[in-house]
Amino acid sequence: MKKILNDPYTYADETLTGLCRAYPQFYALAPETTRVITRPDAPVAGKVGIVSGGGSGHLPVFTGYVGPGFLDAVACGDVFASPSADEMATAIRAANGGKGVLRLYGNYGGDIMNFDMAGDIVEMEDIEVTTVLLADDVASAPLDEREKRRGVAGMVFTFKIAGAAADAGLDLAEVTRVAQKAADGCRSMGVALGPCIVPQAGRPTFTLGDDEMEIGMGIHGEPGVKRGKLGTADEIADALLDPILDDLSLEAGAKVAVLVNSLGATPVEELFILYNRIADRLDAAGTEIVFPLVGRYACSMEMAGASLTVLPLDDELQGYLTAPADCAFWKV
Amino acid sequence: MKKILNDPYTYADETLTGLCRAYPQFYALAPETTRVITRPDAPVAGKVGIVSGGGSGHLPVFTGYVGPGFLDAVACGDVFASPSADEMATAIRAANGGKGVLRLYGNYGGDIMNFDMAGDIVEMEDIEVTTVLLADDVASAPLDEREKRRGVAGMVFTFKIAGAAADAGLDLAEVTRVAQKAADGCRSMGVALGPCIVPQAGRPTFTLGDDEMEIGMGIHGEPGVKRGKLGTADEIADALLDPILDDLSLEAGAKVAVLVNSLGATPVEELFILYNRIADRLDAAGTEIVFPLVGRYACSMEMAGASLTVLPLDDELQGYLTAPADCAFWKV
Amino acid sequence: MAGMTRASLDHAISAVLATLETEHEGLTALDGKLGDGDLGITLLKAFRQLDTIRPDLPEDLGQAFMQCAQGVMKVSSSSFGTLLATGLMTAAKTGKGWTELDWAEVPDLLHRVVEALAARGRSALGQKTVLDALDAAATAAEGKDSPRPMLQAAREGIDSALDTYRDKPNQIGRARVYAERSVGMDDPGMVALKVMAGAL
Amino acid sequence: MAGMTRASLDHAISAVLATLETEHEGLTALDGKLGDGDLGITLLKAFRQLDTIRPDLPEDLGQAFMQCAQGVMKVSSSSFGTLLATGLMTAAKTGKGWTELDWAEVPDLLHRVVEALAARGRSALGQKTVLDALDAAATAAEGKDSPRPMLQAAREGIDSALDTYRDKPNQIGRARVYAERSVGMDDPGMVALKVMAGAL
């Protein structure tokens, strides 16, 4: 197993411990847990709390985005596995500054059940909760079944926007509205070039021929829309952008945020090569990129490949997206 | 070739173009070049300029670290190949704000020859230049042949410190002294788990068995000190730390900066697992980690593996290391 | 034995755990074909945990089921684990205040569990999940008032649900994305229920 | 032909390029065993560039060599390319103001080039590099005053340098890290010089 680890069964725990030790200014483990990370100053009294969570193995998602102007607390499971409802309830309590808590997470069955159950638990403690599900992966279902889509890198923009809205003092209903608007706007599309190894499974999540790629594959190796010969960077950029543009039907003059994201192994050099084409295409379409991000923002450990996320911006979303925020993985 | 690119021969150019397009607030191409990146406001009048350079494929090294409190200009070659003396001379001119320019780069034969030649060229134009070579890779030569060591991830700390010293208004001799002190202090050690592919070569830089690792391998695949069975994270951390501590002989109470760096494919999750052990060991030795960095700071494209850099800090170095700086890849 | 007691629970935990110790690999392999291959280990972890709290379960069935639910929740967060915990919480509500539950009430309880799981899973009958097998078991068990015939009927219900759904595609959960491939294959969660029922 | 002229340069460039078009792969393979495998392509790029400026080279040997140096610098930044450019700049200094250079002066010029390369490469004779072959060529060529015998002697010098160093380890450059492995192997830069001298 070509991974650096001590024990597959403590991989997630050791990762989170190391994260909190290296960056104590940003991250703290909630008392008596090994899987719930909070801001060191959580809960922030009088602010709407924002909680996320899901499987480990996606750093900086989820834990990395805990911080001022971002998330308040996060529950992490084993690699690619949901955290427990118990841990989610702990995260919700830690995030609750008395104004209620938004649960903001990816549209995966296990996570939904557990966050629902966690909600049942904390509602008995009079904590008000709302939910926004991230479902930005265009490849995972057609537009008219949008509610079935998986959540992928679009969560980064949505975390940022929701965090800024909470920071600005909006109430729970308003923070939820803004987060839902961002989540509704995000469209993502990924391409996988190589697998990763889930520590407890010990073998690659999928296999791809040496000259193959799979367009639309999910961040846990879920099947995509098309497996084919590895294309050029420009072809890949088009394959990522075309379905997004079809889905969004942007008007000329639209402003967008763009995230060109590595799934892990793919170097940023190659993301910048993709970015050239994406920027050319959007320029040609009269779309203005007002907020580009290129780097590793939502990974699947050492998976090779990249994803593209486009989020149309109105003034409200742009303001929140570009507002200051602070965590170990964000540089505005 | 499992890489995202259009043409192996334009890989470096396209990477740099994309970088400057995505982050124009930080990076600009020098007029009429495709390989020289400067701060958009370069040269900064009245400030000592700092120039680096070397092969492409190491992002964020070198280009990523251009910015206020960091480097002024950088010349980039093809992947893992030196830029030309011509390009280096252009970078030196672009960095020259009238107070002279420090050439700060890794100890590689080709780069040295070309930077020397570039120095000859610009000295005819009355630009004063000095040199500090980065030679932090403990694996590449014994301590008594320190001048033969390769430069690896220690350059990140040194860039930062030299940049802050220049920002603080020190003159060329003083900036050079501070940079030399940082360069002299840095000790690094790497481990490779898997190769990368140099675009123009089209095949992996080396091969390693499925359960093998190589301790001390260089960032271009140069041979290391020991190839062996893939160890646990704790064993790897020890194998990286032991030779560094032997080399440094730190006194109890020493303060250090620590960089746990991914060579590319290795996910940050696993760096945090390594960090736990390194922090335990340094704690036990009475050494204080005052500045930890964990992430991808000096890569070899999609190479798998990690490196550890330790830099003992006095007040001067600590002050410069923690001073503010700005570029797309740095978050203090 | 007139009804279900703490002792029945005790027996059920031991029996299911014993079977899972050998059967979990098969469930994992099956789940691996359509999902993430964690179903066997999920159940094994759940029942091992239940086995550790088994000796100290209270006589009150409500409290006993609730402790079981919490035990499962603690160690397992995969869909099936959460559904199992949800089912146990439903049973806890029914058993609250009772130390013995008439066997004749069990089919009704199972129907309530099906409803709770559908709510938790945001799913419905007919989507080829454990719900369909559990619903068939509950229906088949109706009208029986002693454990052996009831169990026998429930097993037959599960088997017929497996037969009914085998050649349909999975419509929810992780297996949905492999919908086409799932035609001709048993749903892992339904098989898990069969394994557990078979163990009793 | 009494001395070296712009025409000699013209001929040399064409001849070396013709040879490199077929020989560059061998040089690259050799360099690949001890380094980064770019030596052949480095030289090919350099001489293709020289070939494009060849028709327009000035008669003044100083200017001609300087344009050649700049041409090489532009396309090649590998060690050998930089050394080649350095050598051409050294020749430019010698040729400055002359349209013809006495052949008898060439061995001296080569010695000066060796010195310049050692300065540029921060290296010394005896480290198993192109310097050792070039120095041997310069020494062997001493005392000859016409191009053919001089070239013949130079080739013999290069061959004997190759023999002398074959079983020693590389002491500088990329090959140093493979020092042990380099014993028994020819230094790629020395072989490159042999290929170029052979082409003339």
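Details
Going by the order they are written in, the chains are A, B, C and D; count residues from 1 in each one.
Definition applied: a contact is a pair of C-beta atoms (placed from the backbone, for glycine too) under 8 Å apart; a residue touches a chain by one contact, two chains touch by 3 or more.
Quick caveat: nothing in here was measured; it's all calculated off a predicted structure.
Listed here as common contacts of chain A and chain B: no chain. Centroid distances built from C-alpha atoms place D farthest away from chain A. Once the centre of each chain is set as its mean CA position, chain A and chain C turn out to be 33 Å apart. Put simply, the C-alpha centre of chain B and that of chain C have 56 angstrom between them.
Separating the centre of chain C from that of chain D, both taken as means of CA atoms, is a distance of 80 Å. Touching of two or more other chains is recorded for no residue of chain C.
Of all residues in chain B, none touches 2 or more other chains.
The touch graph of the protein chains shown is a line. All chain pairs in contact, by the document's touch criterion: A-B, A-C, B-D.
Across the complex, chain A meets chain C through its residues 77, 80-87, 109-110, 112-114, 116-117, 140, 148, 201, 218, 220, 222-223. Against chain A, in their complex, chain C makes its touches with residues 36-38, 70, 73-79, 82-83, 85-86, 120-122, 172-174, 176-178. Against chain B, in their complex, chain A makes its touches with residues 1-7, 11, 14-19, 21-23, 56-57, 59-60, 193-194, 196, 210-211, 230, 232-234, 236, 260, 264-276, 279, 292-296, 299, 301-302, 304, 306, 328-331.
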